[in-house]
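The block underneath contains the structure these notes are about, expressed in structure tokens.
By letter and in written order, the chains are A, B, C and D; residue numbering begins at 1 in each of them.
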């Protein structure tokens, strides 16, 4: 890595003792000696293992659940179903007033995705829990499922989630989050070329080497200590408090040393049910995702579909951009309504475009609920935007890098979401990329600046 | 058979934090009797180095070496509230909270030192080595060790501070979408060079040259860790990763690290990282959040390079050999 | 049933134990222990044998006999099994190769079982206490096979070629694998060919049409063209997270061609 | 539940325990003996975080039944530092900033140790091959490869 100090030399500094210094990491000695304590490195006498009975169907009504054989299985201490969960229907973003509550901790009457948690088995050993889980009998009536976002949005599609009543999230702005800036249709009418293209992704897993999980210990004083690898301590604690209808003062979360997150450990899934198990048995409980669960049950990055329609002039100026984004939330909201909205705030990318129209939808389908991941709401959008930029440049016969200079945002430029640009540095990144990659651009672009009124 | 070469570019920006939900984080700082400093947080270190960076920020602000600072993350019984580690917010939000807390603690520390040295606190400065000096008269000094002892056992002062950093929630306006999604943005531009085997559709990423603007590199070696690992993940997203290879068909999802594809140690592109610094107005010592955006520009850069190499557009991620081969066959017809 | 490992000194006793319900033979652990860890409760009693014959490698008189417990790492470093090293090294990373056995590889479902592909091209004989059978016969019936595999035997090849195609380097699992054993006449034309394919069905299979098309031909682009055209005949490639059946079928001739010309 | 005795040498000291038959070496080490340096990243043999050295060979403790290790000599990452002095590989991982979340680190160090024990002056290709069964999600592998090469250089300088 090289630090190039010639850019922004008037404002950047090397004036500090500790900041800017390559100090060794304080956690690294623990890592290399195997001494760092992750949540699962704590072992408590009498600890129970929690295994989840999961839905084998993408969409089904639950006619009945019979746990009697499982409960009799040697080593089984407790079997939990929906009726055991005090506030079984929840949604994590309710803490920031993003509702409605739309997800069950344990399925109640219906499953909406293959892998959904239905029954929790707590046993003395992992093996006993697995064997008992195999003895839980669930009678399902399979329902039609929908996996394709466009299909899900059509009239007559199977309804994924009754708590929403339609297969999209209803924002205060309606069926999508909207950004309106200038007159996009006038821009298309004026443009020398109009290019509309569609981009698609599929779900992506965070795949941290340490799977999601927690270890819960009843402290004997009606408090519960939860060793967890959540990425958000109070977010998890406060949601747990709601789900278990238990004052937050009874909950003590210890964490902060995590074997990789990448956004995959921001859902509140393992902690509430494990704490409930510890409460109802009085025993320590561990609930740790298997690798298979981490790969297919934990929330992935959402699949997205992005349609971009641009009006571009022969001289390289983009004068109108319309973006329609679809985020595949899967069966439940989790963080997806936020992600789709974050996308609306990100488009049309780091470019100054006078006419912009953005609609972003959060769509429900019968698949594993998606949630946040590194680059949430932006990563796939950037893929679409930057491939589109390449296509536009080639369409008008312009060098793709020079084309970006023409449209790059600079300090003071008004963004589509009506904030003036501050602290821009796209132009300088491109200038340095031009140098380091030996991708020459015209001198006028190398002389540009992100500063207001920069050349 | 032909191995065809191409290159592509992409440029991006990325917001720091989650303004659209409201974004607070708190920190507490206090000294021990011998002048070491505890930073108490509920913020989570995912491996990106939160603990180390908060220690450096606290040390800088107090005026002691980093090894005099201990960071305790994360315990809800002791650590004050943090929204969490996501949205590239950790360093920016928690860092600002730590600065505020450390400043308050520093002020008490200087007041105690002033009493010991019988000067005004405003006339004092720290040397970054654990001493407090009188400005212009460095021979008149006291160690922070002695100041802390005095505070604890003689003067009855708590060398401590509270920090709170809040970005208030921005509610998007219903009709226009007017909003403030972030107060600062990191930037990047990546050029990728690939080879494509036009008989199998296999892509080899030869080089990626990444330029990142991140406000300020608080610890350059740790920044490098994030950026190198992020660049790898970007390439991985471009060419390999998905839990549903036949999306929207739900079948054949991978359940292990053999089936969930990521580049192995034999697939690494020659990776160059250049960092620029345009300090952000509200960042801790000018820092922005680089952790997420560093994995984004490689994806379109690789996609554009594939087109440059073989003349087909793959607009669906991941850009698998199968998708390339199908497109090449369609192009040939 | 809690797990209980049963260990026997002889294969005979282990075979007898395997008649009970809930048993399964434990080789290197890469299949059986993994299944148990992942919650497969159908096996409650893994059975193993410590018979030293299972761990022996015998090479002599142009013949090779490898005990079923011999690991991929042992094959890869054996001085007289040089040509096979590439196929043994194709299995997993270093730790897996220290554990995965020849016997286990014969049972590994696609996309695993790359070494079994090599053994199929070598026309190996698979040994049990009941005698030996051709590997082709063994593979057809392997799902119902209860007798412990004790060895594989084959003639040491002169011209053995092996290719594993994977997405992830250097270790990923197979898109496909190909093993070829060739004999060539003095004029360079192919006098005998055995070609085995991995991932082109649910278990290793022979590309018999391609083998036939190669007879009497020279190993140049024109000479191998008919074999490549016939390579996919009879295949039913798997679709999995690594690749689709369509992709595997498309690139099989490409990779076979490269292996034959390489 | 069948309890079986296991006895082996772990990082130079004798260990003897009664365990449930069928217990993996990983679980025996972590839950019974208290050595949590091997990590359970997958329990499938696909991540390498549980790697240990058994009788000089790299093995996956998640796929090894503990009772098959009777009499064995086992090394884990927690046993590498001698007298508080880090092993050259541990030192190199620190110095080259080759750890981020740290979860894969003990397994990586085990894989690297076996390599250097057999091949003191490895090529980059040797290192890549040696680490090929170990997943890292943070670093992009390059810093780890550099750490192993750097430890090898340090070793050869010490030997010279």
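By definition in this document, contacts are C-beta pairs under 8 Å (C-beta built on N, C-alpha and C of every residue); 3 or more make two chains touch, one makes a residue touch a chain.
These numbers come from a predicted model, not from an experiment.
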item: Most centrally placed chain - per-chain CA mean versus overall CA mean; value: A
item: Pair sharing more residue contacts (C-beta pairs) when B-D is set against A-D; value: A-D
item: Rounded Å distance, chain B centre to chain D centre (Cα mean); value: 30
item: Inter-chain centre distance, chain A versus chain D - centres from mean C-alpha coordinates, in Å; value: 33
item: Where chain A and chain B are represented by their mean Cα positions, the distance between them in whole Å; value: 17
item: Where chain A and chain C are represented by their mean Cα positions, the distance between them in whole Å; value: 41
item: Shared-contact residues (touching 2 or more other chains) in chain A; value: 25, 27, 125, 127, 207, 258-260, 262, 290-292
item: In chain D, residues with contacts to at least two other chains; value: 1, 20, 22, 42-44, 46-47, 97, 100-103, 128-129, 131-132, 135, 137-138
item: Set of chain B residues in contact with two or more other chains; value: 46-47, 49, 221-222, 224, 228, 230, 233, 245, 253-254, 256-260, 262, 264-266
item: Topology of the chain contact graph, where touching chains are joined (line, ring, star, complete, other); value: complete
item: In the complex, chain A residues that touch chain B; value: 1-5, 7-8, 11-13, 16-23, 25-27, 58, 93, 96, 98, 114, 147-149, 172-173, 177-181, 197-205, 207, 230-235, 237, 251-263, 265-266, 291-292, 295-296, 300, 303, 338, 341-342, 344-346, 349-350, 358, 365, 367-368, 372, 374-376, 378-380, 382-387, 389-391, 400-401, 404, 408-409, 416-419, 422-426, 428-430, 432-433, 436-437, 439, 450
item: List of chain C residues in touch with chain A within their complex; value: 1-3, 36, 38-39, 41
item: Sites on chain D touched by chain C in the complex; value: 1-2, 4, 20-24, 43-45, 48, 51, 57-60, 62-65, 67-68, 111, 114-115, 128-134
item: Complex interface listing, chain B residues touching chain C; value: 1, 199-201, 240, 245-246, 252-254, 258-267, 321-322, 325
item: Contact footprint of chain D on chain B as seen in their complex; value: 46-49, 221-222, 224-225, 228-233, 256-258, 262, 264-266, 268, 271
